[in-house]
């Protein structure tokens, strides 16, 4: 039910193929998932969009597993079923245990509840939290 | 601009006071932030709502700092300014470095972009991600 | 911090004034709140937008108080602070008790939590719920 | 397309079974819907999550039918298809007429429109609504 | 998986049929899409809901193609798959090129990212933007 | 009420200063708005985030004014007040008339209403829209 045709490797423009090659190289895997096949109609957006995970998900201050879990949390809040599935799979592949997954779900659920309660009540930010930010 | 008056300690019902006592004991701090003071009009919801962070944010499989960062990520996606401020402060208090905060922001921003692109394109979930879930 | 100037009664076009007159007549009050003063720059949208509450909030199958509570629930989920304040005030004016308000908040919070958990888990709809819809 | 396997009664841990028993007892029905079967992998979250509807949806100040309608309204705003189906079915089972359902839909639609218009225009909250809240 | 039966032409009430006749006349097409067939159970909401696109999508200051593209952008942000499909098709029918569609997607993605970053950081509105609004 | 200090020109790192220089050059204006001053703590994200509008908002298939209007539409749906103000100002600066702004608001409001009605009713996508996409 996509709004565009998913492109197979044979249907890629030269520019899109170069991005696919880089995805394969960076991820050390031949598998290129459907998101990139849908984006491949527009090589410029494909390239720019790929630059983000390439940079942001690379080794850094946070554990790669934690990065995927943050990705899942945001995807749940935005209701993106595809992203939930792909990044839950990625988090598991990077070592997320079922206990950790359970805590992730519990936090996302709880935060959703308190986010809405706070919004409903129009709670003003405590001075203590502002002071903290001003440090 | 709250829809209810924030209750001071003097204005609490006996039931609400018992919850405040527990918050202070668990958090080892005398400070009770405005969220609980707004909820305190309804001791039943106050108590039930407090049971969640008491259980979910307690030591477990995930680092307490990571838990707060997940909380922040969800709060951003839901646009809850109060929650963003309170949990960013909490994450910092639990050791989140500025480098880690930068990566958190980068992931939330990027996930928001790809979440919407995937939704726009109606990308079907890859078999590989489903297979993973079916294990 | 509005993107347009709020129009006072003196600044209204003839068409906008006619809508204001109708708002005052239907609501049996001289008070016209800021939302309509912001919309008044575009009399066509002002008129069309006013037709909705005029029809939808009129006496019908549901208690007027319940209608306002549904309005508040949606406004919380959408994070519209103005709407939360105006319709919480309206619900109170139409008889919402503090006990009812407490239950409204509890349901909105709980639904937010379960909504996100269901989305996170990708739970398939039970046959029983579909059967119900097919009746 | 769930991220976890739905557990049948035979696959439940002792702790999860105890929660299922309570769901059946409170709801006076043998049917346990898929949401709980997905949550059952994590008995702690299953139990805590079940405590909420058990307490919040119990007889109180609001009509049970109205409670379900508020649940539906929030679920629509959050785009949770499963929750929309399950709670629309529940509201009907608790007596929601088609006329009431029509009014619910009309209010959710209208509120969504005005929520976004207010947000777009950045309308400041009227003193009258604040005064009301301060009472 | 609808919560109501989609009504065929034969099942319409007289009032609903009159709205369908108007849809066909205004759109100069015999095709009436499923949205209206789901709404047709409630002729009052059907009629009121139809009044909006009839007025708003009519020739005006903006190019009809641009109007559909704005509709698509909002539908993506709200995660409405049906609306994304129907209005992407409508935008194409009204002349949206693939280059324009690519730019629409790029803007929606980018805006989603910056929206969340701004919210995360709690950036205060610049005086320059307020001054502009006050003109 | 930001979670970070807004950096003045004097406080920028060399890397951040280079991005500010580029923003000033591309926009042909000395003014650098608060968003970039908040992001400037993390030069890598600052640079990557700036690459997007630099590329996406550059002259292309769509009128620059239309691009800003799409940006505004998404920002409204996401409830980002800062973004609404900055891009409404930008759209006006690029020639958006008040009549066009009125139509933008009308479309965003209407789409929000129909998005939620469609979601509430679970309307299945018409074959015609899928056929269109498959072309």
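By written order: A, B, C, D, E and F. Residues from 1 in each chain.
The working rule: contacts are C-beta pairs under 8 Å (C-beta built on N, C-alpha and C of every residue); 3 or more make two chains touch, one makes a residue touch a chain.
Owing to the predicted nature of the structure, the values given are computational and were not obtained by experimental measurement.
Student: So which chains count as neighbours of both subunit B and subunit C?
Tutor: Where subunit B and subunit C share a partner, that partner set is A, D, E, F.
Student: Through what angle, between 0 and 180°, must subunit A be rotated so its C-alpha atoms fit those of subunit C, rounded to a multiple of 5?
Tutor: Superposing subunit A on subunit C takes a rotation of 180 degrees, nearest 5.
Student: Interface check for copies subunit C and subunit E. Shared numbers divided by all numbers used: above half gives same, below half gives different; which is it?
Tutor: Homomeric contact, same residues on both sides for the most part.
Student: Among the listed pairs C-D, B-C or A-C, choose the one whose interface is a repeat of C-F, with over half of the contact pairs the same by residue number.
Tutor: Of the listed pairs C-D, B-C or A-C, the one copying the C-F interface is B-C.
Student: Determine the centre-to-centre distance between subunit B and subunit D, using the mean Cα coordinates as centres, and give it in whole Å.
Tutor: The mean C-alpha positions of subunit B and subunit D differ by 20 Å.
Student: Which integer distance in Å separates the CA centroid of subunit A from that of subunit E?
Tutor: From the centre of subunit A to the centre of subunit E is 27 Å.
Student: Could you list which residues of subunit F touch at least two other chains?
Tutor: 1-4, 44, 48-49, 52, 55, 74, 76-81, 84-85, 88, 102, 105-106, 108-110, 112-117, 119-122, 125, 130, 133
Student: Which bits of subunit E are touching subunit D when the two form their complex?
Tutor: 1, 3, 41-42, 44-45, 48-49, 74, 78-80, 133
Student: Contact residues on subunit E for subunit C in the complex?
Tutor: 1-5, 44, 48, 51-52, 55-56, 125, 130, 133-134
Student: Going by the contact rule at the top, pick out the subunit A residues touching subunit C in the complex.
Tutor: Counting only subunit A, the residues touching subunit C are 72, 76-77, 79, 81, 84-85, 105, 108-110, 112-117, 119-122.
Student: Using the touch definition from the top, list the residues of subunit E that touch subunit F in their complex.
Tutor: It comes out as residues 1-4, 6, 31, 33-35, 38-39, 49, 52-53, 55-57, 60-62, 66-67, 69-71, 73-83, 85-89, 92-93, 97, 99-100, 102-104, 106-108, 110-126, 128-130, 132-133.
Student: List the residues on subunit D that touch subunit E in their complex, please.
Tutor: 79, 81, 84-85, 88, 98, 102, 105-106, 109, 116, 122
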